[in-house]
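Several structures are given next for inspection.
The same subunit A turns up in both complexes below, where it pairs with subunit B and then with subunit C.
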Partner chain A sequence: MAFSIEKKAVTKWLEKLLEAGEVVAPVRTPCGDVLFSTIRSAEEVVWDFPNPLHPPKEFVLPQTDPIVKIRRNGQHHEVEAIHDGTRRFLFNARSCDAKGIAFLTRMHEMEPADASYLRRSGNLTVISLACATPCPLGFCVCTDSGPFLSDSCDAQLTDLGESYLVEVGSAKGEAAVAEAQSLFRKATEDEVSRRKNLEVAARNHFGEETCHFASAMRRISTGRVPDALWEKMGDWCLECGGCNLVCPTCYCFGVKDLGRDGTWIRCRLRDSCQYAAFTLEASGHNPRALRKDRMKRRFFHKVSAQYYTRDGTVGCVGCGRCIKVCLGTTHMPAVVAAIRKGKWHE
Partner chain B sequence: MNDVFLPDIAWLADVCDETPDTRTFRLRFRDSKKGEDFHFHPGQFLELSVFGYGEAPFCIASSPTRPEALETTVRRTGQLTNALHKLGEGDEVGVRGPFGNGFNVEAAYGKDLLFVAGGIGLPPLRSLIWNVLDERARFGNVTILYGARTPTDLVYKQELSEWGKRSDVETHVTVDAAQAGWTGKVGVVPSLFKKISFHPESTLAYVCGPPIMIRIAIQDLLALGFKEEAIISTLERMMQCGIGKCNHCAIGHRYVCRDGPVFNYGQIRELVE
Partner chain C sequence: MVTVPTACPFCSCGCGFYLLAREGQLVGVAPSETHPVSEGRLCARGWSAHEAALWGDRLRQPLLRRNGKQESVSWDEALDHVAGRLKELMNAGKPVGVLGSSRATNEENYLAGRLARAGLQTNNVDFSYHPICRPLLAGLEEVCGKHAPSIRLNDIASSQVILLTEGNLAETHPRAASSILRAVEKGAHLITVGYRKTQMARLASLHLQATPGNEGEVINGLLAAILDLRLQDRTSVPIGYDALRRDLETVKGTEEVRQAAEWIARAERAAFLIAPSCGPGDQSRKDAAAFAKLAAITGHLDKPASGLLPLLARSNVRGACDMGVVPDRLPGYDPLDDARSRQRVQDIWGKKLPSAPGLRAESLLQSVSGLIVVADDPPSVVPIGQRAMAAMERIEFLVVLDAFLTPTARIAHALLPIASLAETEGTVTNMEGRVQRLRAATNPPGEARTGWQVLAELCGRFTSSYSSASDVLREIGQAAPGYAGVEQRLSEDGWGGALLKDFDRAKLVVQPTRTTGLAALTSVERPYLLARDVAFDWGHDPLVSFSPTLRRDYQSERKLFPNGFVEIGKGDADALKLSGGRQARLTSVHGEAMVPVLVRTDLKPGLLVVPYTFRDRVSNVLGTEGVTAVKVERA
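Coming up: the complex of A and B.
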């Protein structure tokens, strides 16, 4: 179902959504950075913006995610699961980030399903903004996660100049429109066809694919990447973990009790498979003590056919954030190219 | 949908010293209904919480045939295990589980069983050993080979002597280095293979211990004619969630916590780091 909403009416829609729940959207900070944040007024939302460095996964899988409340009472302890039932609307997420959230949700739906995550994602309505112009580092066309979406979001907005086309893709999306139904009218055939043309034009902007996963997948899945190449790439990795932290599909975590004096919050904390301690056992034994092995692990998880078969996609949405943060240049397109060519770029 | 990270509360019904740094903790669920509903296989593990310190995985060291005594044996090595060792009878801990695949007991019916354990590798096998001994008639010959660095480091000393006295079990215990008063064997665990007789074609070998011991024992067993599928081990990895989500224990696309921790050697060889 496709609707149309005049640009000047969007503020009113946002005000309605703010009454119905929490609204998260890209905002510009006083320093000029753009980041996803909970907004208090509709005017805060920016519409023309570079994709923020941190993906909106924070709102389904926070960096520090409280999962269990623990209280000591004399000799006894009481434990209670922490439920985040806040209804949230994620506005203006880019296509890659909407795909990222859909990926995370699939991971947490796998048996045994993770209620803590799913409660939060179940209350989140993702309203994405299609990308008419590709971003400088993005390669979403290679991962089937943009520039326009046909699934993975509850509603997709396309900028048609004077109005937005709103394609509704789920019951949650319908409900978000229903919050201010009078502001919407059914989209015309002309509007739908303009949206299609915009998608074709946006795809053409990408030119040839920039990250060829298929041949890298064949090599990585069959162990045909030379050890010396992993070692070479491992040498370039600075072990900062930045790639994991900004990746919309990374979800590895550790569990810790934070607090003191008999009151603790058990938290799920994001972790990085690039840290040496990720696999360090209490005995001191570490099966992935070497950087080359950790790098192999990261790209096996993201690119191998074994995981592709399980997850249905590569573990990458082509947002290009790892390109931006990696000082060692061991980001997704560079590693995929090196695996394909059997040679590091130097 | 369950809150998969919410532990159940259990209290320590008994704490028993095994070695200077290893203790066995007997757990009893505060909610007795939980205890009645808690069913497990030998080889499965628990996520044990020490409140304020977090949680860590420990194998269940007791047998499902004795459900009244749920036990785990823990060596003091890090923050959490140090904190656990400071707890005494009546103190509370959190329990999630059981997790992992465990040993397939029914597949071992009618077979000869060879247990090969080193150091703190005996606890997961002890669960299976008692299971086997409690259903003794279902199995063929049972042989237990166990070793530790020194006599002090041997766990379950009383049970070792009890098994040693039984006529339906062959038990050999060895130490790497003897201490004053030790009259038993000296040598590494695989050196005991020479002291026993067995039929590789009808025997299942269960191997658990430090990585170096496992490697040597498996090499020796293969050389003695065991098939890869007849050599069964339980792997150890850094684990956090126990349910295949956190990715710490992943080897290739397999998860030690969910697909394991019990694998036969054929499966272990297919795991690509």
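Coming up: the complex of A and C.
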């Protein structure tokens, strides 16, 4: 179902959404960055922006995520799950991030399902903004996660100049439109066709960044990447973990209790498989003590056919964030190219 | 969700990020693409910078030790007691002192210095990291004046040549390492000088092997080789080439050294990065001076996008120096005996300043009867390690201001809880000389107050007080002329950051000094060298040890080796029949120690290295030195 909303009416829609729940949208900070943040008014929302480095997965899988409250009661401990039941609208998410959240949700739905995550994602309505202009380092065309979406979001906005085309993809999307139904009208055939043309144009305007997953997948899935190559690439990684922390599809975590006065809050903390002691076992044994082995593990998880078969997609949505945050030079396109060519910096 | 832009509290690269807080509680960090240093890139420490303030053992109320226990009291009672006891000690003619900190803000350090000099009338003021970096800074000062001409961290990425005398840069200064990776990727020549084949050394065009504490041997070789190239037209700095070359007459260079010299001399843009050394202070100072001369005579200190950076481990070493938290310096890093500077500071503080130079950190810790420690745990930072703890336990009245319950805080007679980085206002100065604001994302826990407020109140009990952190920064602008106007420049929105313009090319001095290499320490009887690793130990820093994510990496080895270890090369280990975890007996002229070994492949034969964190395990062997000759036996 596709609707249309006049640009000048969007403020009113946002006001309705603000009444119905928390609205998260890209906002510009005084320092000039754009960040996804909770907004208080529609005026804060930015419409023309490069995708923020800090991914909106923060609102389904926060860096510090309280999951269980533990209370001492005499000789016993009472355990109570913490559920974030806030109805939340993620507004103007980019296509790659909407795909990323859908990826995370599929993973957390697998048995045993993660109730804490699912409660939060169940209350989240993703209203994405299609990317008529691809971002300079994005390669979502290589991962089938943009620049326009045909699934994975509750509603998708396309900028048609004087209005937005609103494609509704789920019941949650329908409900978000229903919050201000009178502001919407059914989209015309012309509007739908203009959106298709914009998508074709956008696909032809990608930058230099590409990522050929298929041949890399063949090599990594069949153990044809020499150890020496991983070792060489390992020297170009500074173990910052930034690639994991900003990746829309990464979900590794650690667990730690925040205790005070006989009550503990057990928190899930965002973590990185690239940190040396991430896989350290209580015995002192570390199956991935070497950086090359950690790197191999990361890319096997992201690119191998084994995981592709399980997840139905590579573990990458082509957002290009890892290119920007990588303190070294071992971001996704660089490593995929090295795997494919069997060489690094030669 | 609140997003607050602030500066990273770890190393001196001075990255920036947003602290994220929800319902008054820190929840994370978000990168900033617009930050002039980090540009969206952070290291593992930066990504977890919110954790220590949230998960750490935080101090919540002022405590006074009574009947052997720390009891909570009101702020007024605590501050009156502190001021009263210190006055008693002063009246009794007993020495008192103050330790500032390279993890405290400029405002806190400035007030710590003012409290010592104007309030306690003593120059016994220093900071715990200073013993490590003092020789390096002194050596660079001999050539460059007060501050070396910095290259911007981002400019390193476009350097054609990088000369790196390192501990382990990828670990100590990941942001600087990041720029080097980018330069090397573009074809720059990286030349590393060090005793270990580190990650950077593996990526280098040339790795010049050095003996720990005697890096000067390689640096002087480079200097001699560059002089032989006779490139007088490279710089306008007056240089006595012949005198300099005569000074280096005995220095012999290898083909590799000559190749490196050629690259340095011919480069249009070059970066010179130098870390502190574990060698004797005087030798380290000379080596640092030689390093600066190398940069000066090749003309790289007087052109844009080239320059020198001392690799100082902690975030505000530069600021602590600039604030005069050094026994023989005033705010502005001016010498204590400089009449004009003294007058300037006296006019501002309205007090005559003491003239006798104060004690340096390690002596200060071991000599004073009353001590104020601001935001630090000296035993984990100073080279003398646990001897500092033993000395502090003997101090008659120990006052500690900290956000965290550190080992030093545990033994304090008066414990004053202050805000952590996430809750404070103030500024820090990175290694480039960039002054940046810290902003509060949450409130301090319990009754804790910002550090500058507590120090201002203490100052008030001796001299005067302040109403805001900006007030302090304004006064810093008068006391340290380099900081004039900084308060105004930082008041605008955005990252900005005020870059200090403190290098004066006209002050470059390149003079021959009597070059003496470190005499060979080893002998037939003691054929191995034992060196104290120069890389800073973050594992004991509360910002790491209280962070659930960071402490894991830093402390896992410590858990496996509760008795510490020394590292030994594979060849030596095989020859001595020492496998990993086996005890070795180390004997030097100072004494003997039994310690497990860890076998490494990146160490050359004849060398053992003790990580900084385990230096106490071999303190009998090292004595007061950073490197010594030892006999090694399988125990």
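Some notes on this structure:
As a working rule, the second predicted complex is superposed on the first by the 342 of 346 C-alpha atoms of A that agree within 3 Å, B and C clash if a C-alpha of one lies under 4 Å from a C-alpha of the other, contacts with A are read in each partner's own complex, and residues count from 1 in each chain.
Keep this in mind: contacts are C-beta pairs under 8 Å (C-beta built on N, C-alpha and C of every residue); 3 or more make two chains touch, one makes a residue touch a chain.
Fair warning: this is a prediction, and the values are worked out from it, not measured in the lab.
After superposition on subunit A, the partners subunit B and subunit C are accommodated together without colliding. Looking at the shared chain after the overlay, A:V325 reaches subunit C, while subunit B stays out of its contact range.
Using the contact criterion defined above for the overlaid structures, shared-chain residue A:I67 touches subunit B, although it does not reach subunit C. In the superposition on chain A, A:K256 contacts both subunit B and subunit C. Of note, the Cα-centre angle with subunit A at its vertex and subunit B and subunit C at its ends comes out at 80 degrees, rounded to the nearest 10. By the touch criterion defined above, A:L280 lies against subunit B and subunit C together after alignment on the C-alpha atoms of chain A. Residue contacts after overlaying the shared chain place A:A171 against neither subunit B nor subunit C.
Looking at the shared chain after the overlay, A:M107 reaches subunit B, while subunit C stays out of its contact range.
With both structures placed on the common chain, the touch criterion links A:G241 to subunit C but leaves subunit B unconnected.
After overlaying the two complexes on the shared chain, residue contacts for A:H54 are found with subunit C alone; subunit B is out of touch.
Touch criterion met: A:T29 reaches subunit C, while subunit B stays clear of it.
After superposing the two complexes on chain A, the closest approach between C-alpha atoms of subunit B and subunit C comes to 8 Å. The residues of subunit A shared by its contacts with subunit B and with subunit C are 254, 256, 271, 278, 280. By the touch rule above, subunit A contacts subunit C in their complex via residues 29-33, 35, 37-38, 53-54, 58, 62-64, 235-236, 238-242, 245-246, 254, 256, 258, 269-272, 275-278, 280, 284, 286, 324-329, 345. Against subunit B, in their complex, subunit A makes its touches with residues 67-68, 70, 72, 75-77, 79-81, 107-108, 110, 112-116, 118, 223, 251-257, 259-260, 262, 264, 266, 268, 271, 273, 278-283, 285, 287-288, 293, 296-297, 300-301, 304, 306-307, 310.
On the side of subunit C, the complex with subunit A involves touching residues 1, 3, 5, 18, 20, 26-35, 40-44, 46-47, 50-51, 54-55, 170, 174-175, 177-178, 181-182, 185, 199, 202-203, 493-495, 548-549, 552-553, 556, 559-560.
Only residues 1-7, 9, 30, 49, 51-56, 77-78, 81, 90-92, 94, 210-211, 236-238, 240-241, 243-248, 250-253, 272-273 of subunit B touch subunit A when the two sit together in their complex.
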